[in-house]
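Two complexes follow with chain A in common, the first pairing it with chain B and the second with chain C.
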Partner chain A sequence: MSIHKEIFMSIYKIMAIVIIILSAMAFTVPDLYAGEYLGELCWLVSPVGSPQTGVLKLSIYYPGGLHLLYTGKMVVGTQQVPYQGNFELIDNQLRGILLNAGFTQNAVFNQSALILLELDTLSGIYAGYTESTNIQQPPDIQYTSGYGALTFVSCPAGI
Partner chain B sequence: MRVLTFVAVCIVVVAALVLVTADAQAYEFIGDYCWELMPTNGGPNEAFGLKAKLGIFYMGYTHVTVGGQCDLSLGSSSIGAWLPCTGNLELVGNSLTGTLTAIVAEGAKWQGELVIDLGTLNGLYNNLIYVGADKHFSNGVMHFASCDTLQ
Partner chain C sequence: MKKINILIIGLLFAVTVMASAVEASEYIGDYCWNVTPQGTAVTGLLRMGVFHFGADHYVMSGTLTAGAVIIPYRGNMELINSTYVGSLINAGISQAVIFNQNAAFQLDTSFNGTYKGISNFYNTSGNQVTSTVDLGTFTKVPCP
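On to the complex of A and B.
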């Protein structure tokens, strides 16, 4: 065998090994990292006892197992409040939790809600709870709660 | 030369696939793990423990996100329903320490601080439960449990 042919065969073997190693990496990495972004979903939020409605917009992630995670926001008029939480499939319902902390000019608050959605319509109800305190009088904490309807809608443009 | 060109193109395509895949998918589902949180301190109507079935997601570096189901039927609570609960854990020394929150119903929620020993996966917790304007504090132990036996 000529020297040129030997060099060519050596290069060929090295490259074949590199391809095999990189191919193995390409197939093993997707197994290790299992998260997937599913998309954005929206709900019309109608509190009982209040004429003002809002829109809840959540980005849904499938992280593996039988779980869903989300981050998103509630839009009421010009106000936008961020939320995060997770959905679980329990008794043929999607049950979720929404968490948020924030502040206004005079107060700080901590909001949380339980949401229950029917699988066939993706609409349902929510029950919320807020602790807030006036910045001027921090020892006094106010507690308010409320509930209402969540209607699955296509996401409005511009939010 | 044609063979060399073909091999070089293959290497570039596979390397690009490896890099794109690794960048796009940035966390790892570790699995579902279960615990029983048993109150050891707190008043007769104040000690709320829970059963937890949690999906564990490793987000990278020292960060872990948890999302799953909790049932507040341990301790003095009469609430027996599986509800969603969410939180995060941080790797601190030989422990995972973090928070867990479950909304029980209108005007009530359970919020706890967890410290899980990595060696045994058992741990300790402190929690506040809010029922309207009433707040109840209790603490206790976390027992790592089999998800199959946790009903």
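On to the complex of A and C.
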């Protein structure tokens, strides 16, 4: 074998080894996913014990895996309060945490709620509590709890 | 294919079909505000990395720096009727005190505005909770 042929064979062997290593890495490195904005979804919010309903409009982001993140707002009459939270896919349910904070001229409040949505309907229930106070020092903190139904609906026009 | 993968694909398909105004999301950078609590001269610097989900929706993660103290924050922001309305949440610990804060803010289109919130402080040694109402202003500044 000539010296040139030996050099070419060595190069081919090295290239083959590099390709095999890169192929192995491609199949063994965990999947990397850039994430994707899925759009805006809406739910009719029906609190138990109250005739007033609201519309929860959330914009959903899928970062990968079994996780969803969202930000959005609750619309009740002319009031619009921002909300944020997450969903995790657990046992055929989307289970998430819904958080908000807001204020009026004389009061300030925040809410923490659990959401459970069935995967086949995207409808379900929520339960949470609200912490609120008049704007005064020291604050007069009040806690109220509430729960109700979330019904997956098409987003109404204009909200 | 695992059942969970089928569920995920089904969920993504349903959400994609039902969702409106699908568009790209992107990180749009770090933004900073001077934080001035009402009645004090103390000013902290709020630095938030802002992620634009799409449409009028934003999610933020960042820090509040006050002197040598740096506290992580997360929050969101919705553009509602020409006002950026949002919330900020933190949690922290200082020696025997565990605290958290939930605050709401409203910013004009120059990104200046006011905030109001509630802070709770749990003293582990005395097993007592004290609370404060937090009021102040956000003034947008270039990030240092």
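Basically, the second predicted complex is superposed on the first by the 123 of 159 C-alpha atoms of A that agree within 3 Å, B and C clash if a C-alpha of one lies under 4 Å from a C-alpha of the other, contacts with A are read in each partner's own complex, and residues count from 1 in each chain.
To be clear about the criterion, a residue touches a chain if its C-beta (ideal position, glycine included) is under 8 Å from a C-beta of that chain, and two chains touch if they have at least 3 such contacts.
Small disclaimer: the values here were computed from a predicted structure and weren't measured.
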{"item": "Which superposed partner A:Leu69 touches (first chain B, second chain C, both, neither)", "value": "both"}
{"item": "Chain B versus chain C as contact partner of A:Gly158, first or second or both or neither", "value": "neither"}
{"item": "Contacts of A:Gly49 with chain B and chain C, given as first, second, both or neither", "value": "neither"}
{"item": "Which superposed partner A:Gly77 touches (first chain B, second chain C, both, neither)", "value": "neither"}
{"item": "Which superposed partner A:Glu88 touches (first chain B, second chain C, both, neither)", "value": "first"}
{"item": "Which superposed partner A:Gln137 touches (first chain B, second chain C, both, neither)", "value": "second"}
{"item": "Touched partner set for A:Gly35, first chain B, second chain C, both or neither", "value": "both"}
{"item": "Which of chain B and chain C A:Asn100 touches, first, second, both or neither", "value": "second"}
{"item": "On chain A, the residue positions that both chain B and chain C contact, one per complex", "value": "35-36, 66, 69, 84, 99, 131, 141"}
{"item": "For the chain C and chain A complex, residues of the former touching the latter", "value": "4, 7-8, 10-12, 14-16, 18-25, 53-55, 57-59, 75-78, 80-81, 85-89, 102-104, 116-118, 130-133, 135"}
{"item": "Contact footprint of chain C on chain A as seen in their complex", "value": "35-41, 59-62, 66, 69, 71-73, 80-84, 89, 92, 94, 99-103, 108-110, 119, 122, 131, 133, 135-139, 141, 154-155"}
{"item": "Of chain B, residues touching chain A in the complex", "value": "3-4, 7-8, 10-11, 14-15, 17-18, 21-22, 25-29, 31-32, 55, 57, 65, 67-69, 82-86, 101-109, 130, 132-133"}
{"item": "Residues of chain A defined as touching chain B within the complex", "value": "11-12, 15-16, 18-19, 22-23, 25-26, 29-30, 32-36, 63-69, 84-88, 90-91, 95-97, 99, 112-114, 127-129, 131, 141, 143, 145-147"}
